[in-house]
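Presented below are the structures under discussion, each in the form of structure tokens.
Each of the two complexes below includes chain A, the first together with chain B, the second together with chain C.
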Partner chain A sequence: MAGENPLHHFELHPLVHMHLGGLDISINKAVIAMWIGLALIFLFFMLVVKSGTQLIPGKLQSLAEVALEFIRGLVDEFIGEEGKKYFHFVAAIFFFIFACNVIGLVPGSYTMTSQLVVTGAFAVMIFVMTLFIGFARHGLHFLSILVPPGVPKIMIPFMVIVETISMLARPISLSVRLFANMTAGHTVLGVLFALTMSAPIWLGWLPFGFTVIINVLEVAIALIQAYIFATLTCVYIGDVIKLH
Partner chain B sequence: MPQFEQVEVFTPLLFWSLISFAIFLFLLWKFAFPPILKALEDRQARIREDLKSAEDLKIEAEKMRQDFETQIKTAHEKASTIINLAQEEARKISEKTISDTQAKCRQLQRDAEHEILTTRNKLLKEIREYISVLTIASTEKILHRSLNDDDRARLVEESIDEVLSSMEEKA
Partner chain C sequence: MKTQEFFRQGLGFAMRLGVEFVVATGVGSLMGHFLDTWLETEPWFLALGVIFGGAAGALNVYRTAQRLVPPDEDDEDNADPNRKPGGSGTDDLKF
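Entry: the complex of A and B
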């Protein structure tokens, strides 16, 4: 029963069984929810584009422009002039996570970002990408990122160890933060909803009211988590470009 | 937690999330973002152009203001010169007018004196003639006889001298 285990709704079951060369790629509720979220985001932008972008924007165009300007601001601030070529990637990360976070708030849906394997995959992808950018840009000199400027020579070995741990912790913190926030939020919502369903009608409005409030709060958290993920992506890319 | 226990869903989740992200990134990059970013850049370019135009107009206005100030200064100088010249001219005209008027007055005075003198002489002549006639007639009446020419001339001269002396005393 859902009322007995608040983590029950995180369980996934294949809806369409698929295999690709021995690899299980079955489609489940999380995948479909993710596709719906991404489709809605993409359709929103296409609606703006198909309406015709104007010099004096309408409401939809303004919303789209504010979102893109916001991400461009992040990219410019943390990466700098070279950030332009990473803009599309960062924007896609932001909207992907935002779509997955928000679509999960629809009752009966699923939050893809509540799966650590997914957030971890994205965090590792970003980490590997930053390493690739660093080595491609600076060669072996990129390793100097492990030695902060102004450190006494005797401290260098120690600092290399500390910085390496710090670097390796980045994907872990990036993925766990998002996963934990989404899991916690949906668990709280699940518990409150279970309370609403199990309570008598005269008392049920109380947890239901909290469910509504927490749901609104979760929308804000969904946005904030997408913002944090995109910001940290920019910070990591900016670090490897500027080194220090 | 199901997220750690259901390892069999890891592969589909990883596969579809990464594939979906790649497609999502491609679609946004190719179709969604460019027109919106272009609109943003167009607007920024327009604002930049407008600002530049405003700046140019401001510089032009400043230049025009300086030109106007120079022109006004020049005009003031010219006006001042014209006023000085006009004042000088007016002074000269005034002096000339006064001088001419004075000369005219003097001329009029001379003419008047001359006319007075002429009139006076004419009157004196008329008086002399009248006195001579009157004197002869009076004397002849008193004496009941005609006078010769010498007596007439003498009496006339005496009467005239007396009348004239009397007139001069009165005058």
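Entry: the complex of A and C
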């Protein structure tokens, strides 16, 4: 590990080469990490449901209930009464991103959310979805989202430009935030671990201690980033439903 | 709102604010740059893009900060007027 490029472990190499038409659908570490993430969430909730939901919940049921109540709180707060329709979507996004973030902390696995193409795909999908919801609900009146209420007429052309930039920045900030946090955290871990391996034992404990501390911090960041992503999804959906 | 909830919310906001500003400025600048390249008007649209992007970023940050609900706001009327600032560690974080 010593002397290795700390960004090396973000590189992806196909493990199983597969092509469909002109598309490269090879399976690599990121795909496997994604499958494991999906499987873990699925198994967790299946286990909760299969073991039978009780009026007085057990440990697993309590955990699932707390997590789902938390998402429901977010949806209610930012989308409002209509939020129920989007609850499943937001919950799926939250659990999937959280699982992917946490799986990446297991040594030897891969953080799928450290790929901009993955977070970008999520963010663009959410952005396009909000546009669809907006136009479906409000028709062309949806464009009034570009003019904040109470703006003097002379300022409207400027505000339309500013609001357009602000809207276009949404999917980018959503994807860059998650990708940058995950990449930065894992790079720091990589650098510290490389220091541990290259230092003599009497000095190596210092970077190793930091590696352990930062690993704990990364668990918190995994949760916070999934929370922010879910919150912003709710905020964006809420914005296009309420307009102002 | 409980202090613990506020702490979680605050961490979320801390992670968001910086990125909101930088990305909006970046998007404005890039749009300006593309317009400049297309219309061969360098560097005027880039300069305009930076200004409008910065404005959009500031607006995003302002809106994000507006959503931050300080603790105990819901029961502010019932709050103890003699309460010492910093008593719970976040009491002085009101806007």
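The definition used in the following text is that the second predicted complex is superposed on the first by the 241 of 244 C-alpha atoms of A that agree within 3 Å, B and C clash if a C-alpha of one lies under 4 Å from a C-alpha of the other, contacts with A are read in each partner's own complex, and residues count from 1 in each chain.
Note that in this section contacts are C-beta pairs under 8 Å (C-beta built on N, C-alpha and C of every residue); 3 or more make two chains touch, one makes a residue touch a chain.
Everything numeric here is computed off the predicted structure, so don't read it as measured data.
By the touch criterion stated above, A:L140 is placed in contact with neither chain B nor chain C.
In the superposition on chain A, contact of A:I154 is made with neither chain B nor chain C. By the touch criterion defined above, A:I201 lies against neither chain B nor chain C after alignment on the C-alpha atoms of chain A.
Legend: residue contacts after superposition of the two complexes on their common chain; A:E163 is shown touching chain C, with no touch to chain B. In the superposition on chain A, A:W35 contacts chain B only, with no contact to chain C. Shared-chain residue A:I27: touches chain B; no touch with chain C.
Looking at the shared chain after the overlay, A:L116 reaches chain B, while chain C stays out of its contact range.
When the two complexes are overlaid on their common chain A, residue A:Q225 makes contact with chain C while staying clear of chain B. When the two complexes are superposed, the chain touching more residues of chain A, out of chain B and chain C, is B.
Note for the complex: chain C touches chain A at residues 8, 11-12, 15-16, 19-20, 23-24, 26-28, 31, 52-53, 55-57, 59-60, 67. Contact residues on chain B toward chain A in their complex (touch as defined above): 1-4, 6, 8-18, 20-21, 24-25, 27-29, 31-33, 35-40, 42-43, 46. Residues 158, 161-163, 165-166, 168-169, 172-173, 176-177, 180-181, 224-225, 227-228, 231-232, 235 of chain A are the ones that touch chain C when the two sit in their complex. The touching residues of chain A, when paired with chain B in their complex, are 7-8, 10-12, 14, 18, 20, 23-28, 30-31, 34-35, 38, 41-42, 45-46, 48-49, 53-55, 57, 61, 64-65, 68-69, 88-89, 91-93, 95-96, 112, 114-118, 121-122, 125, 179, 183.
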